[in-house]
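Same chain, two partners: chain A is paired with chain B first, then with chain C.
This part shows the complex of A and B:
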């Protein structure tokens, strides 16, 4: 996002926050528009329309599947359905307004497309009103979402798909490196999975179409999180916004601090942050550490800056988004680092992956030794968190690095429990121990970024060799 | 009621999780956010509570937002028991 786009978002957020009536629908209309507006251009031009349309379509279908009978009446839901269809049609009609340069990156396709989306929305609502969803449908939806997620996140599949389409279209069988960027999909998919799982356990609150879609595509958090929980979000969406002066100060501070972190600190650090090119040129360990630390700081300021902006924007809309970062680089061990880095993602994985797996292993007939359970659950959860960023070796190794790190730390704390020497009980001793922990954790995390940011494990390995002075 | 739940849970955490049977825990002492109870032990705590009090704690509830100290955990257990 550019600073200009963020400025527009802030301006509109303030406007919508002031509405007494119709805030929910205005928010829905603008969030739906933002999805189309921010979608980056695609190699296949029409995808810039189809991907956002698919986000909306998918969300509406999952609302219909997960909603409870009392929230399905047409009377409560028609305004939201009209708004979603209306925004889509307006975007498609843009070809006649000639505003391509202003708010769309590409010329949207014909009106037919909008009609199709409209029918999709209408049909889903009609279906939703007359159905009883079988439990198997939830599992089907879950598997479908996960398969779609894996396909989209795997460069191999995307390249082949694009190569295939190109070959069909132009008779050119040469597959080319292609990037499919479906804006916001990673976050949207995880919000949808959360609603399916909670529906299955009977914990999903009864929500209208407008509330559900607002939760999934809420524009401040659409591109980079945080991942909220629907029951919390909807409570705030339903209550009227009343902002005291203190709230404005807090929201404004958060917003401007976020802008500063992202556009001043992170963008300046980007110049000296480790990347594929630098890594092949740097031969001295000292400089390699310098560039690596610059990357560690850059990724933190970039991501936490975006989060601050999102939290600030949401605040003026009357929504308190959950925190995503809590000074992660100042934590004395890896467990605490992961309790304060991208917290809403780790909480999601705990709730829907780590805890169910731990529960299953702990209550199973086979009595697994505790260390084995910890190793398997930690490593699996962290590798999956890695793969969430993209299905590549680098992300998998990054996850494994942290999974093994957490395991080692867990075993060490278990062993050291109750064995604290007396010097550690003193204030100075505790401070030194804490500082050493912070230093060690920061360096461990920084080394992990080598797998995350460099495009191949070979490059990461060569950086390791330079960092520790055993390069050839 | 609070009086009977807290000591039972406290004893379990001190002896089984922290391995320090003589340790006392304050009702408002943070357990999860402080890192005292890690994510693995948290599941053991949930299983213990489920077995002992016959109430269910969902996987999605095992975080510092739902309960972070003995007092909060005790009220959660009681609210489920009274249903």
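This part shows the complex of A and C:
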């Protein structure tokens, strides 16, 4: 997102936040518009329309699937349905308005859009009425979402599928490389999975179509999180907005601090943040560490800056988004780091993967030793968090690096419990120990970024060699 | 509860923003002079330039053509001159800038590597102050700027292509210095220069908002300096197809058809302005080497740029102009073998640069000694 786009979002957020009536529907309309507006152009040009349309379609279908009977009435849902269909058709009409410079580079013919909207409405109504198949459909939807997610996040599949289609279209014998960028899908998928799992466990509150779609595509958090929980989000959405001076000050402060982090600190650090090119050009260990630290800081300021902007914008809309960062680089161990870095993602994995897996292993017929349970659950959770960013060796290794790090730290803490020397009990000793922990944790995390940011494990290994002075 | 009134904060911020913009526009602070180069990181060996923004991270540069202060503060020439240094500034286009070459291979570095000593025992140190646009008016502006860095001699590499009027370059390179260009036009009566697109910046263009792109580029250039220090890389070394000896049968030179090249319309008056700007600093003009094809149609074209009819006419005109104005110059148009050109008929290989340095050295020393004698320095 550009600073100009963020400025527009801020002005409209302030406007919507001031509405005494119709805030939910105005927010829904604008969020739906934003996902079309921010969707980057695609090699297959019409996908710039169909991907956001698919986000909306998928969300509406999953609402129908997970909704409770009391939230299904046409009376309370027709305004939201009309708005979603209306925004989609309005965007599709852009081919007649000729506003390509403002939004969307191209749109499909209206007839196609109308047919898809019609099918979507029919499917939604059918799903909402067919109660009997639900348990199976939940699992089907869950697996379908995960498979779609894996396909989209695997460069091999995307390149080959789209390359093949492009080659067929162009009449070429050789498939071409193609990339696909579905804006916000990573976060949308996790919110949808959260609602399916909570529906299965009976924890999902009764929500209307407008509330559900607002939760999934809430524009301040659509592209970069945080991943809120629906029960908390909907509670605030239903409450009237009453912003005191303090709220404005806090919202403004978060927003401008976020802009500064993202557009000054992160963008400046991006120039010298370690990348594939620098790894091949830098020969000295000192400079390699310097550029690696620059990357560590850059990714933090970039991501936490976006989070601050999202929290600030949401605040003026009357929504308190959860925190995503809490000074992670100042934490003295890896567990605390992960409790303060991309917190909503780790909480999600803890709730829907780590805890269930741990429970399953503990209650299984096989008597797993505790260290083995810890190793498997932590490594698996962290590898999955890595793969959430993309199905590549680099992300998998990054996850494994952290999984093993958490395991080693866990075992060390267990072993060292009650064995602290007396000097550690003093204030100075504790401070030194804490500082050493911060230093070690920051460097461990920074080294992990080598797998995350460099495009191949070979490059990561080259960087390791230079960093530790054993490069040829 | 907070005592802070958000509306007052917003109002104060807006007032501060407005005042700082007005003050910036009024005082026009020379922010380009603020630089980490030559103290925190080494100065660059050539001015920052790259063809495409996608190469900036490879070359660790960002061009700041709209601020010559920043351009030259990042250059090694802005270091104080040593007492025993004879400072030679090389001006010209992409060939002089040394496109495709590593800093140690470029002409300026090759000249310095010759370890030349002038008559009074000063070491010749050559600086690459070229900017990769073939446009003589840009060279004159740069020479005028480089004079601030106390050069003892200029070497100006020219070619026919650089004498053409190009409004795109006016827009791109001259506009940020419009007022200065207007004064040069008046001083040297540069009647041929196409200035349709040249306009002085409005007051609002001088505000922080109006100058945001320049400010950002200057800031980023400083940060890129760290990567420059760490890597020594300042250019994207691209791969290229070697030049073909076979030429097309077209007789066209750019937009000019045979017999239509009116050299009086070209920017030879700017060449005169170059001598004027150099003033008492000796100026050696060099007609730079070009690739000379030997294959198909080489009887009608020297290369993809120049048909013979146009270039021969230019050679004759240049010689006549120099004689009329009593200037010495070096015509090295055919001095480098074709094999030593790389991707264009102007860009040379490291070996080509070395040959050119060897050819320039005697004339450089001759002019250096002559100027020192003229200044009353005796051997």
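Definition applied: the second predicted complex is superposed on the first by the 451 of 472 C-alpha atoms of A that agree within 3 Å, B and C clash if a C-alpha of one lies under 4 Å from a C-alpha of the other, contacts with A are read in each partner's own complex, and residues count from 1 in each chain.
Here is the rule we use: a residue touches a chain if its C-beta (ideal position, glycine included) is under 8 Å from a C-beta of that chain, and two chains touch if they have at least 3 such contacts.
All of these numbers come straight from a predicted model, not from anything done at the bench.
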Counting residues of chain A touched by each of chain B and chain C, the higher count belongs to B
Quick check on the superposed pair: does A:2 touch chain B, chain C, both, or neither? Answer first, second, both or neither. neither
Could you say whether A:275 touches chain B, chain C, both of them, or neither, answering first, second, both or neither? second
First (chain B), second (chain C), both or neither: which does A:239 touch? neither
Go through the superposed model and pick first if A:418 touches only chain B, second if only chain C, both, or neither. first
Name the contact category of A:362: first (chain B only), second (chain C only), both, or neither. first
Can A:248 be said to touch chain B (first), chain C (second), both, or neither? second
Hey, which residues of chain A end up touching chain C in the complex? 244-246, 248-249, 252, 268, 271-272, 275, 277-278, 281-282, 284, 287, 290-291
Write out the stretch or stretches of chain A touching chain B in their complex. 197-198, 201, 203, 333, 335-336, 339, 347, 350-352, 354-356, 358-359, 362-363, 370, 373-374, 377, 410, 413, 417-418
Taking the complex as given, what residues does chain C use to touch chain A? 1-2, 4-6, 9-10, 57-58, 219-220, 223-224, 226-227, 230-231, 233
Residue ranges of chain B touching chain A (in the complex, touch as defined): 18-20, 33, 35, 38-40, 43-44, 46-47, 58-60, 62-63
